[in-house]
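Data block below; observations after.
Labels A, B and C are assigned to the chains in the order they are written; within every chain, residues are numbered from 1.
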Amino acid sequence: MMVSENFEARLMLGVGILLIGFPWFADWLDEPYLVSTASRIWIYALAAMSLNLLVGFAGLVSFGHSAYVGVGAYVVGILAWHQYEETNFLGLPGTLEGFISIPFAMIVSGIVALGIGALCLRTRGIYFIMITLAFAQMLFYFFVSLEQYGGDDGLMMMDGRNKIPGLDLGEDRQMYWLSLVALGLATWFLRRLSMSRFGMVLHALRQNETRLKAIGVPPYPYMLVAFVIAGALAGLSGALLTNHMEFVSPDFLHWTRSGDLLIMVILGGIGTWTGPILGAIVFLLLEEFLPLLFQEIGLYLFSEHWRLVFGPLLIGIVLFAKGGLHALVFKQMKGVDGAFAN
Amino acid sequence: MKKLLQTLLGTLVLGLGLANAGFTQEPVKIGMVTTLSTGGGYLGQDVRDGFLLAVEEEDGKLGGVPVEVLVEDDGRNPVNGRQIVKRFLDRDRISILTGVIFSNISPVVAPMALKDGIFYISPNSAPSTFAGKECHENYFVVSWQNDTLHEAAGMGATELGYKKALLLAPNYQAGKDALAGFKRFFKGEVIDEIYVKLGQNDYAAEIARIRAAKPEMVFQFLPGGMGINFLKQYSQAGLMKDSAMVVSGFSADIKILNAIGDAGSGIISTSQWNHDLDNAANQQFLLGFRSKFEREPTLYASQGYDTAKLIASALKATGGKVLEDKAGFREALKTAKFASVRGNFRFASNQHPIHDLYIREVVKKNGQMQNRILRKVATDHQDAYVQECGLR
Amino acid sequence: MILLIEQLLNGLQFGVFLFLVSAGLTLIFGIMGVINLAHGSLYMVGAYATAIGMQWTGSFWWGLLMALPAAAFTGWLVELVIIRQLYRRDHLDQVLATFGLILFLNELTTICFGRAPLFLSLPETLSISVEILPGLLYPLYRLLIIGTGLLLAFFLYLLISHTRAGMLLRAGTTHREMVEALGVNLTLLNTGLFVLGALLAGFAGALAGPLISVEVGMGENVLILCFVCIVIGGLGSIRGALFGALLIGMVDTLGRAFLASGLRLILPLDFADSIGAALSSMSVYLLMALVLIFRPQGILPVLGRVR
């Protein structure tokens, strides 16, 4: 098991380094649009990764994760808006500086997660699913009714993307590299975290909460910290998403977005490292290219109605492919590399 | 896995490349991002059908120049809209963007097109910022400024002698603009304003409030399906006889009238176009539309048709050059040398229309509900924001 | 005063309507332990069947009558093909599989009936208002919804409390293994239950048809509200679902009706309107969060539950 996990980590690192060169590859294909698609994939992969910390490692099925993505996204959008309008936000000036607004987005998302988590974590199972959904809906309607910041219609970044010294985010490639690096750093951080004592407690929590209590470890503070970390990382992905789109709207917080994130995690392989990333890649590529693919092979009905295929595919994966894509990709490797793993 | 994906992408890209290589003369690519789904979907469908009707009249050409129209559905969602336009710009490399229906989409996608240096020609949505402060040399509106038909409703209500009005609109920018537009020309008293959620379906609570307030007339701006539900419930509640209904053209198009049936009788509405306008372009349009789609066109269809005709006139003038000769194409658009189905049409300096406005009444004719023009309320009407625009 | 009574009636009507959809949802969860996100789709099927039936026959009543078999058949099929596989899965799998089912059913409906919403009108006899109190006119159709809804709630109560099938249902909620051990065919019971839930949801969809537009995606809006209802009431409890639905119906309607004008008394006009709109749309979720924090099992939970 350990052997194969190490192999997986090395593989991820290698592929990650190769992916730095992707913009040139896209140029070679004469399809610069792919760079923007890829940035989107890494940003969603980051959000899925943070959700995986809750669902996969701590066993907490949050059905409201898009709320934290949305909060982070709005922080960046609102700060940029105040910069553009030259007005103050709670006595502070707005800003377009990435080094201020992106960490600030993480902090605010983390604080929101702290508040919501403190209440939600009193419940378990189906009730936890429902209460996280309830809070996400509340935040959704909160942003819908924030008229000053566009309400339903959302908020544009009128002056373009955030400024980071030495980078020109206005250029799609640099946005791509920023997203890729953010995903890499988050993966590294979560890996270190999971191997620490804290991570061990989370694993134990998922497996048997009662036993954990019996040996004298109170689960609540551990879960809360995990919830806050997941919230802050989701906030980071939201901050990047606003930058990528140069736009933020309540749609970022819609409950179906939370569903999408859960699908990415399950699709890729719950509780694994590459899973959420694979899930995000396949989910977003299917969304983008499934219609085109059907058009190419002449199935015009499916090209317009690709969800007709996507829905059953999803059901199939849930019902028959336990372990998701991760299991598909890494199954044989385990056989070779770690002969004693299962 | 990665390799598989790349091969897949590679094949796709190759396929697209081959498809393009077949043409000797590249057609002018027009991107149409419009709303085909949700309750407001028929607006986009009519804009699209009107537009494509004009293209079909010339066998795939506009002004003698071959065009390729790419149509995508934004689902009335700005996030979708942005992604589609991003694709249009980076992958399909369009020259003209058109089709936007709702005012929550246009402020999001129009700047993308303008920044990219292509032309943006709206067949419907026209928020006030782009008519005033943020007006742009490559931004054109064929329909009206968002406030126009509401302003006409204010004029109409005043002319018909109403003194006490209650106003109702969805809680978003276009809704607020609508009420502001109505109030700009209404001389009577506004006794209450009610805002509802965009996309709301059940209006029981609001109707109860209207009943309690007893206004002489109600002015409402509920686009698409929202309006149909409201009018049905309003007439079920028996309010139609107590408080007259004065609306802008959007709330009394033929689709809505068909859906509410006899309940619609007597609704007063405003429009820049109606089927009974007597001009040659309108006759041709009505004939073509009815025979092709076997239904009555809405005002949106007329706007889509006008948009295509405007583009055709400019393409003809430049011989098919759009991005290669931006100044020429822009000048050609500005002169607006095309026969609009609404009759008089020219552009103001902010590149929004100057045109005539009418009030209409819903009547039953040959068993069908339809709008009949009552009178003209404004000649050569121009929007209120033109002074704020820096364009010459 | 008249206004208040009218708004209370509106709240009651909305609540009764939510109950019809919630009832099936809560029973399916209570007995089978399945979270069925696709329950809203059955509601959509009912509405579409009514609309299509009306187009064919020209009569609202035939449309209404068609909604029932259509919803029941869809429910039966869905249970047979998908839900049956999910009984022993965890909630996460159920949420995702039924989410996939929503995508599929919505797309299928789009292919069959197009994206444009369908509008159906009421027969003349129903599209009138009656004076129920001096000065208070109320649409007859909404009164009928209230009446039928309450009647159905009563029948459900009789079914569950006073019939053999109801006894098995109640037993199944609390002691599933025991019921199975006693030789009751649980598969049959589950299918029957699912079809019953589908019937109620389909009927609600049919009733909603003439009031709102029939369109793809109409189910999801109702679904989320119904989850709020059954969580507030206590999962698996039919009394809880009724209570939760009426509460949500009232809170939502009264919030929309009075919150903004109430706030205008103490706040500047513009500000009051936007805060009012915000609070009234958040209110039901606020309520749900409060209930879950202080009484996670819901207000009227199933007693003696072992799971």
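In this text, contacts are C-beta pairs under 8 Å (C-beta built on N, C-alpha and C of every residue); 3 or more make two chains touch, one makes a residue touch a chain.
As the structure is a prediction and not an experimental result, all values here were calculated from the model.
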item	value
Between the pairs A-C and A-B, the one where more C-beta pairs touch	A-C
Taking each chain's C-alpha mean as its centre, the one farthest from chain C	B
Between chain A and chain B, centroid-to-centroid distance (C-alpha), Å	37
Chain centre separation (chain A, chain C; CA means) in Å	32
Per-residue multi-chain contacts in chain B, two or more chains	171
Sequence positions of chain C contacting 2 or more other chains	110, 277, 281
Residues of chain A engaged with two or more neighbouring chains	145, 147
In the complex with chain B, residue positions of chain C that touch it	2-3, 6-7, 10, 13-14, 110, 115-117, 119, 121-122, 127-129, 137, 139, 141-142, 210-213, 215-217, 253, 256-257, 273, 277, 281
Residues of chain A touching chain C in the complex	55, 61, 63, 119, 122-123, 125-127, 129-131, 133-135, 137-138, 141-142, 144-147, 255-256, 259, 262-263, 266, 270, 301, 305, 307-308, 310-315, 318-319
Of chain C, residues touching chain A in the complex	29, 35, 82, 85, 89, 91-93, 95-97, 99-108, 110-111, 220, 224, 227-228, 231, 235, 274-275, 277-278, 281-282, 285-286, 288-289, 292-293, 296
Touching residues (chain side chain A, partner chain B) in the complex	15, 29-34, 36, 145, 147, 151-154, 156, 245, 247, 249, 251-252, 278, 281, 285, 289, 292-293, 296, 325, 329
Complex interface listing, chain B residues touching chain A	1-2, 5, 8-13, 15, 77-79, 82, 86-87, 90-91, 103-104, 107-108, 111, 171-173, 198
